[in-house]
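Given below, in the form of structure tokens, are the structures.
Look for chain A in each of the two complexes below; its partner is chain B in the first and chain C in the second.
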Partner chain A sequence: MRRYAADVATLARKDLRLELRARDTLPAMLLFVVSALVVFHFAIPTGSSRLAASGLLWVAILFTALLGLGRAFVPEREHGVLDGLVLAPCDRSAIWLGKGLAALAFLVLAEVVALPAFALFFRGLDGATIAGVALANVGICLVGSFVAAMSIASRARELLLPLLFLPLAIPIVVGGVGASVASGAGRYLGFLALYDLVFAILCWASFEYVVTE
Partner chain B sequence: MIHASGLGKRYGAKRVLHGLDFELEQGGFLLVTGPNGSGKTTLLRLCAGLAAPTSGELDVRIDRARLGFVGHEPLVYRELTALENLDLYGRLYRVPERRERIGMLLERFQLWDARSERAGSFSRGMLQRLALCRAFLHEPELYVLDEPFSGLDEAGVELLDRELADRRANGTFVVATHDPARLERLATARIAFA
Partner chain C sequence: MAASIVLVFFVVPDDADQGFSQRIFYFHVPIALTAYVCFGWGGWKAFLHLWKRRPGADLESYVAIHLGVIFGALTLLTGSIWAKISWGHWWLWSENQLVLFLVLFLFYCAYFMLRFSVDDGPARANLCAVYALFGVVLIPVSFLAIRLAQHFIHPVVFTRHGPRVHGTMLFTFCVSWAAMLALFATLYQVELAGKRLDSRLRELRELLA
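Let's turn to the complex of A and B:
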């Protein structure tokens, strides 16, 4: 287990270092999420319900994550480096988990800017919404990294990623919006936690088949 | 160490390998030759476990921790330095005394002075040297090398010649090359694709 954790940490650290050098994912995510919130601010009539505003927050988070996930495996794809990782004697699911953790770090950093911007443009955020966002982030990044790895083998990867990811993210939106607006937020938070757990196990168990023939 | 029987590989409708039989004992040196597109790379990818046969059997009796692979791509991140790339692989392969070993290889392959430069700034020959460092870092027992001399200058070729001769006693080799004369003296088995 310690060995597995060390491999995941090594791979996640590598992704953070790559982003620090290239700086092509996080700035794009930040710009996108702020721009999206500004557009929503002017697109929605003044006095619109808080329900509509909550929905927009989740749309912004989901598409910002999608932007980052689209670039998640670019360094591996461009020069076939994935072969090198697949040949390494670590559990192959460590590649997915390392990538998922790096994606989570980028998404959280984007949200550090996005959530205050949302509060400024629309309404303040309560604890249930923030807990919902935290749980949703885990699901988005773990499932998204898995789907991103699946899509890199395809020529139509730019199309395949959203086509595969968005249907899988519907339960996250349902849980997230529910946690933000419903009176019984605990139920929705539990649903998000269950989603994270179930999909984490499924992705962990099947990633090997995604990266090998 | 490697046993292949009726080995075949198809990519869609295209048949790349068909009915290939061979045996490679531990300590053997299999030289694979043939023109472009004849199936050399496919055979090496099968031996490395990067592809699966579509027919026949292939039994490679070695843990992937003991396999060193050099392919057409150097399998290094262009945004990372030579040192960072080797450190990444060294960690994943649990190389003992990692830093010393990386330093030794970088010096031997004459990359020490460029150790802190990004791999993306390297020439083709330097990338090939880095790929060889990566493949040799964990002291593999099975070497699967696809055109290992590709891109190397004269000094690099001589260096690799010496490396292969030194490692020959303790390793098993599957090497694809367009220049079989250079490796003929080391070979114990040959596959020549038409």
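Let's turn to the complex of A and C:
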């Protein structure tokens, strides 16, 4: 158990260090999320429901995450690292969890900018929304990094990731939007937690088959 | 099997008292249930592939999902026609089942994209099997999500008392569902036989070349 945690931490740290040196994903995500919010401001006519803005926050988060996840396995692919990782004496699912944690760190950093920007441009945020974002981040990153690993095995690569991921992300959007607009946010937060749990177990159990033959 | 399908066409007109449009019920609901069966069967075969490494399970899973997508498209089509006749709209977001089918339809279309963009081999079989398993998990999760979404997208839940199923109607319904399942089973066997022949032919060609 401790070994597994150490493996995961090492793999996540490797990604964070790569990002710290190359700085190609995070600035892109930050710029993207702020530009998207500005575009949304012009996309919804003034006087339309303030609730509509909450939905836009979720669209922005989802697509920003996709942007980051599309890059997630690119260094591995370019240098053939994945084969080495698969051969390494660690549990294969540690590769997925490490990648998921690194993606989560990027997404959270992007949101540290995005959420205040959203509050500034559109409407203030309440606790339920932030809790919803936190829970949804976990689901988005865990499922997203799993699907990203699938998509790099294909010829279409980056093209395939959104196609595979968006249908899986619909329940996340439902839970997240529900938590931010509906009364009785607890039910939606519970649903998000359930989603995270179910898909985390499924990803953990089946990741081995994605990277091996 | 053909006999059971013919029977449906003879039995269905028996309960015309519900109005003509009601008859689509006997096609729409069985097709939808059959599509679930297809997806479930595909997921089960995918599971067998991953767990037992049974040769051929990958192909069986693919064929089941392929048919499931066809039945799913038919469900969307018949549901849409029914909605137009009953409520005057081609599409209603308040119809849970139809929305669920739309989500599943998108999901399984992505399955095809995945399948056709990976080269044939054990890696593709694994990827597809894993994705098919995700689909089986996604069905209840999406169902729950769509139920929840009703509460904020449509504050007033549009309740509609389903057609009361009694006597001949129940019988007709069961017969038409059995017919749909039989249709699925037949198509499944035919398609599978075709695909198997295809792969054997390819192997033979490679041997000869």
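The working rule: the second predicted complex is superposed on the first by the 213 of 213 C-alpha atoms of A that agree within 3 Å, B and C clash if a C-alpha of one lies under 4 Å from a C-alpha of the other, contacts with A are read in each partner's own complex, and residues count from 1 in each chain.
As a convention for this text, a residue touches a chain if its C-beta (ideal position, glycine included) is under 8 Å from a C-beta of that chain, and two chains touch if they have at least 3 such contacts.
Keep in mind that what you see is a predicted model, and the values were worked out from it rather than measured.
Superimposing the complexes on chain A yields a three-chain arrangement in which chain B and chain C fit side by side. Of the two partner chains placed by the overlay, only chain B lies in contact with A:88; chain C stays clear of it. Contacts of A:80 after superposition: chain B is touched, whereas chain C is not reached. By the touch criterion defined above, A:213 lies against chain B and chain C together after alignment on the C-alpha atoms of chain A. Of the two partners chain B and chain C, it is C that touches the larger number of chain A residues. Contacts of A:109 after superposition on the shared chain: neither chain B nor chain C is touched. Looking at the shared chain after the overlay, A:22 reaches chain B, while chain C stays out of its contact range.
By the document's definition of touching, of the two partners only chain B reaches A:10; chain C does not. Of the two partner chains placed by the overlay, neither chain B nor chain C lies in contact with A:31.
Closest contact between chain B and chain C, by C-alpha atoms in the overlaid model: 5 Å. Under the contact criterion defined above, the residues of chain A that touch both chain B in one complex and chain C in the other are 212-213.
Interface residues of chain B facing chain A in the complex, by the touch rule stated above, are 48-52, 63-65, 67, 69, 71-80, 84, 88-89, 91-94, 118, 134. Residue ranges of chain A in contact with chain B, taken from their complex: 3, 6-7, 10-11, 14, 17-18, 21-22, 75, 78-81, 83-90, 212-213. Of all residues in chain C, those touching chain A in their complex are 50, 103-104, 106-107, 109-110, 113-114, 117-119, 121-123, 126-127, 129-131, 133-134, 137-138, 141-142, 144-146, 148-149, 151-152.
Taken in their complex, chain A has these residues touching chain C: 150-151, 153-156, 160, 163-164, 166-168, 170-171, 174-175, 177-178, 181-182, 187-188, 191, 194-195, 198-199, 202, 206, 209-210, 212-213.
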